[in-house]
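Labels for the chains are A, B, C, D, E and F, by order of writing; each one numbers its residues from 1.
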Amino acid sequence: MSATSTKPLAERSFECFKVEIRDKIAHIQLSRPEKMNAMNRAFWHELPEIVQAIDDGALARVIVISSTGKHFTAGMDLSVFTSGPDVKGAETGRVRANLMKTVLKLQKTFGCLDEARIPVLMAVQGGCIGGGVDFASACDMRYCTKDAFFCIQEINIGMTADVGTFPRLPHLMPQGLVRELAYTGRRLFADEAKSCGLVNQVFDTQEQMLEGVLAIAREIAARSPLAVHGSKEMLNYARDHTIEDGLRQIAVWQTGMFQPHDMMESFTAKAEKREPNFDDLLPVKDAI
Amino acid sequence: MSATSTKPLAERSFECFKVEIRDKIAHIQLSRPEKMNAMNRAFWHELPEIVQAIDDGALARVIVISSTGKHFTAGMDLSVFTSGPDVKGAETGRVRANLMKTVLKLQKTFGCLDEARIPVLMAVQGGCIGGGVDFASACDMRYCTKDAFFCIQEINIGMTADVGTFPRLPHLMPQGLVRELAYTGRRLFADEAKSCGLVNQVFDTQEQMLEGVLAIAREIAARSPLAVHGSKEMLNYARDHTIEDGLRQIAVWQTGMFQPHDMMESFTAKAEKREPNFDDLLPVKDAI
Amino acid sequence: MSATSTKPLAERSFECFKVEIRDKIAHIQLSRPEKMNAMNRAFWHELPEIVQAIDDGALARVIVISSTGKHFTAGMDLSVFTSGPDVKGAETGRVRANLMKTVLKLQKTFGCLDEARIPVLMAVQGGCIGGGVDFASACDMRYCTKDAFFCIQEINIGMTADVGTFPRLPHLMPQGLVRELAYTGRRLFADEAKSCGLVNQVFDTQEQMLEGVLAIAREIAARSPLAVHGSKEMLNYARDHTIEDGLRQIAVWQTGMFQPHDMMESFTAKAEKREPNFDDLLPVKDAI
Amino acid sequence: MSATSTKPLAERSFECFKVEIRDKIAHIQLSRPEKMNAMNRAFWHELPEIVQAIDDGALARVIVISSTGKHFTAGMDLSVFTSGPDVKGAETGRVRANLMKTVLKLQKTFGCLDEARIPVLMAVQGGCIGGGVDFASACDMRYCTKDAFFCIQEINIGMTADVGTFPRLPHLMPQGLVRELAYTGRRLFADEAKSCGLVNQVFDTQEQMLEGVLAIAREIAARSPLAVHGSKEMLNYARDHTIEDGLRQIAVWQTGMFQPHDMMESFTAKAEKREPNFDDLLPVKDAI
Amino acid sequence: MSATSTKPLAERSFECFKVEIRDKIAHIQLSRPEKMNAMNRAFWHELPEIVQAIDDGALARVIVISSTGKHFTAGMDLSVFTSGPDVKGAETGRVRANLMKTVLKLQKTFGCLDEARIPVLMAVQGGCIGGGVDFASACDMRYCTKDAFFCIQEINIGMTADVGTFPRLPHLMPQGLVRELAYTGRRLFADEAKSCGLVNQVFDTQEQMLEGVLAIAREIAARSPLAVHGSKEMLNYARDHTIEDGLRQIAVWQTGMFQPHDMMESFTAKAEKREPNFDDLLPVKDAI
Amino acid sequence: MSATSTKPLAERSFECFKVEIRDKIAHIQLSRPEKMNAMNRAFWHELPEIVQAIDDGALARVIVISSTGKHFTAGMDLSVFTSGPDVKGAETGRVRANLMKTVLKLQKTFGCLDEARIPVLMAVQGGCIGGGVDFASACDMRYCTKDAFFCIQEINIGMTADVGTFPRLPHLMPQGLVRELAYTGRRLFADEAKSCGLVNQVFDTQEQMLEGVLAIAREIAARSPLAVHGSKEMLNYARDHTIEDGLRQIAVWQTGMFQPHDMMESFTAKAEKREPNFDDLLPVKDAI
């Protein structure tokens, strides 16, 4: 990954995020600790922009998302609710139809994490609240510090969570516990998050967590990016399809993707007692 | 919840249940401990009647189901098998087609728990056996005492469980363990039920359990009933649909249900340092 | 199970397996410890042949699969990749279409475990690597020794797992952990495999494991084979369908299968203080 | 079908319908021609009541629905929109949640046609308008007079059809034409309705239509009611499932329903040169 | 297609079929006109054997199925019903479970038409009755003579069609008409079969039909077999999946199958004013 | 629709299209007759850009797509195949993974027609070839001149159609005929296209067709745009879901969209003997 190739993204600055790409790992940090990293309007625009730039440009092989300050995120910044277009005087049904479009757009923001060809790891410290849970649910894996907690805050402010928590969370932890969190708005602390499967590992400190998660990310970055891409696609597909369909999808996938090159490289590397050296994915240039 | 509004239900008495509604919590108790709360014919009629009366009438915001005596329930009362209509002499195929209708009806009994707009919490002491597991699987959350156990008893009497255990249980605990229980008929004790995710919490005694579960119920009753209703609907929908479909469903749901009122109340209450005061759901009157 | 009836299978010898049927339990052992029980061409032919012979012939009521030597299996034998038909010179698209058929065939091998009317228990010692995870995922239940580990080895040799791991594994353990294993290729050791739900129980030694798993198998073999068959069918069906569909399927299933005989036998046996004596399933003879 | 057995239903009178049961055919007629058979509140209650009484009681083997006067139905009576419960002053979100329940209830009315074990034939004269199309879409077969027309009237009064037209109509005629009708609100006349497959046959007059449709009904009533029930179930199931699922469902269905009796009777009757004489379905008595 | 390669199949003789392969077209003829080509036990074994031999061996690029005598087929030979294994004395539930297996096997027979990589055209003369409709429904396209008719005969002998008619037929013609045929058992004659879309073309005589259908088969055989294979796969897949899923499936399919070779050949041929010359598919040899 | 509001789009010029918006109808014309309106790179960019500008901006209530010259379109311009990014030297698997992305992008182009809130009518003259069929399949309704024909040209140049024909066409015309077109590449002429349901109406000339289609468009533009939007959403949703799901979706949709305003306006207008005057949809402004 030459410095030049990442320049366009690396040189830019964002209101809500700090982005670093090194050793084929993109590290995206929420960078408004003084606002408890609340998800303001800029957040919703910048996140998909950054993720897509990394993924489409093949700028990294794995993404790590972490945060700064006491809490991962306080969730939706309330300004988002009040800053929509002026629809005063408009007929109610049409205003409502527009609200639907807004929710779909918000959802699409986190959809970019699902659609990225590369895995997304989230490292959570402190509170991961409201929209933060929707965010976390859309990542491939979750890790946290021992002081972390998750909270479906929406129920505490009189609304139904609508940016992804409900479709995604029951795939990540037991249904009965999801419902308790959803109806009571109570906090799920690190230990319980680990034992129920929501997070993969709990670390003592933010530093140890970043070290640990970046070590996992390095493992992933050392694997064949095409094989990792295939694994993610197949897991995403399997989540929403029958076992029969999932099996067939993989069989078709392999017709294009199962090429001898990466496997040969892995065997040669082993024989030569060195690490294999896999090519990056190709940038998704505008082919048409 | 005025005493008057609950009168029709509150004044009635049931063969298998005792029903109390207080502080917007409906407490339904299985009340035939001397028969180990076996599910006799009355059980199958009374349960949906009670749940629907509560839910349609908006008589409470959450339901707690508990039992009395040594065991939660011994499961199906055998009289149910032998008390069907007299079909002696009838052609076998038609008798079999009727059997299908009977099973569908039994299943529908527990379906009322899924379809209620309000959460249903189950508090299990002692044995939860056979039909009891079908029953528990259809609740939103499960809690138990340390002496509790769950048992797919059907396999021990030579039959296949048919009132909901198989479609629902694998959403609540790991598939591999479900199958062990299903094929061997062994008991799943409280500790394992907790660690595998089937129950959310284990209590030392029945009293402590009721106290604990009612405390959780109070938390739920203090939330916006509309937001709780939406959360349950979305979790139910998500269980059977793709993530894409789940997201869309929420976006459409919000067009009608995301109103400023409850959120405003929650913010005002916070500013005024008081508990928010949410309206009940409306009774589902016969609009047509 | 008379010696005679099992003769055809029992008298045969296999390159990769040793098969014993006793007390209605079929014990299939991987028997190439010196090759780390790698899955060579014979493996893929013999496994479905054996399983179908047992199941179609109603030769046993439950299958236990174990292995020998230090590791359960090292996964795919590399000879399989290099021993395909000679397609040199053939047009690429057609070669690729054939690759799809090969993957579908490999998948079908493990499909026989799903389709068997009887439960399949796997007892894992040492490494269960690569194709071994696809294999394990297709069994009903998994048990292991404390030195066992599971490894999605495919990612370590530059390829995407394609024989069933991705569609099946997320039904057996939390999605977030599956993805970590899938992207990093790290080993999942016995303790974690137990706590995440992948295996039901961990044993100290291979001997204790076999004893324990055979005891569970004996429990299953003592149950009504028809009720066990129904339970497996319903769990398989439920895995890929909505709850509504699952309920209906059981209702229809019972029209044929819910007969008084086995239930009567279980009650009579209880009254007579003896073990019930259930008939075997019928062999699936060629009815047309 | 003895007079006695139909008495409870036959002796009753309805506001919107006239019901006659003869020769195992139930003929339900819309009987408010002076109001153009508009669907008022009584309509929505009486229709499911009548259909379920017939079906659950096994009072007939087929239902024919026809109407009186110039038009089959003018659709929803506007009084239905204005006669709901008084929700003035109630919080908007809760009112909206109740609206959802109302729509679901209206839909359920026509659902009874789908769920009946016996076929429902509709004979349409004149206009079949608005709710009439939702109604027609839920029947098994449709027939009409040459002056008949179908009209998705909802779009002409500024609303989206919501009682079943959109999910059901595209199963009955080409999608492109459905959309033209849906967006323009134009009338689909008899000839086009026949050529596009929506109706099976066009008759010159109402009398000829009734004669023709009753003749078809007699054919159905002469078949095995169990085989007809199975055919309807399988067609309903197939509509919403994959081919694979449909095949499996039939295989399971036959385990209970494929009994020798009806087939033997049909062969015996043929040998004896007489019409076969099949038993009615059993009434769905309250088995639990 | 060298004579040698077809030898194993070509040299064999079958009880129910005559098979000819010429010009890359396999012509399978039902050859028991004296028995009205009733589907006896041999039929159910020979059909899949023949189709798979042709398809797996890449012996032809298209299959035409026609019949001999007055009727295409009278449907199931009654001997099939009476010739199953002797289960006298066996417990009813187990006998019923075996019946399910028998139906699944019969269904699988016609499944081979769906699963073949190459299109299957059916040419129907006279009656296509009972199992004949299941058979026809599983082909890619249907053609008939003007004296042909289709009849869901099962209902006329007191049973529910169970070999594929119900899941497949509603994909081929309007639902309302399917139901009339299903419930009344009436005949659908050639003209109506054409106008409703079930058959693509009606011919005056059997000779003209064979000539016409073979001409269409020749068109298909002149196309790229890989592109035809892909088109069939995608149509099969689309039938049972959402549009979104169908689109994705094609995108993945093309990664392996969209190779320049066939397209180049088609352009070169055009430039050289000759017919393109495409390679056959590869035989599906046993790769593992 | 004031001239001003359409300015940004109206003032632009496109390489492949001419766009006119008048009377709330957007008329998009393919404008490269000298190139037979082949779909070059500009086509794939401009079409979604135009459709989204119209739909998001609420610039019109219906879209009519027509073409110029002898043929509607010759399909994909071959330059698209040869103008992709330079991937020479890149590893095959990665090149193939990129090809998948390209196909998905092409598909997304036509997806904009599905996703538009407003109906899209296509008016076809002459040949509608290859990609033209994918295009036509994604429109709401199709009309054509009597000299028009449709041709799945991909099969004639050795490839499998991949931009939407296969998932969408079987929803629009009988499956058996789709397959004949798909495998033979023959032309489907106007008369057959009408009788099979693919097109709604055939016109003698291009002028008469435009007049006729614009008249239909005017009917649509005079209806409530919100009700039309709802109808399209519900038909799209129903296409890919069960009837049960479709019914529920409408019930939820109505909670936000069923407002009294448009219905009141339609009744008032009728009483006042004038055309109703409905508000436009709101532009989908960037709410976040």
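To be clear about the criterion, a residue touches a chain if its C-beta (ideal position, glycine included) is under 8 Å from a C-beta of that chain, and two chains touch if they have at least 3 such contacts.
Everything quoted here is computed from the prediction, not taken from an experiment.
For the interfaces E-F and C-D, the C-beta contact count is higher for E-F. Our note on geometry: chain A versus chain B, Cα centroid distance of 34 Å, whole angstroms. Distance from the chain B centre to the chain E centre is 49 Å, each centre being the mean of its Cα atoms. One finds 34 Å separating the Cα centroids of chain C and chain E. Annotation for chain F: residues touching 2 or more other chains are 96-97, 99-100, 171, 173, 195-196, 226, 239, 241, 244-245, 252-258, 261-262.
Two chains count as a pair here when they touch; such pairs are A-B, A-C, A-E, A-F, B-C, B-D, B-F, C-D, C-E, D-E, D-F, E-F. Residues 81, 96-97, 99-100, 103-104, 107, 111, 114, 154-162, 164, 166-168, 170-171, 173-180, 182-186, 195-196, 239-240 of chain B touch chain C in their complex. Within the complex formed with chain A, the chain F residues making contact are 41, 44-45, 80, 84-85, 87, 90-102, 105-106, 117, 226, 229, 256-259, 261-262, 279-288. Those residues of chain F that touch chain D in the complex are listed here as 62, 119, 140-142, 171-173, 195-200, 216, 219-220, 223-224, 226-228, 230-232, 234-235, 238-239, 241-248, 250-258, 261-267, 276, 278.
Those residues of chain B that touch chain F in the shared complex are 241, 245, 249, 252-257.
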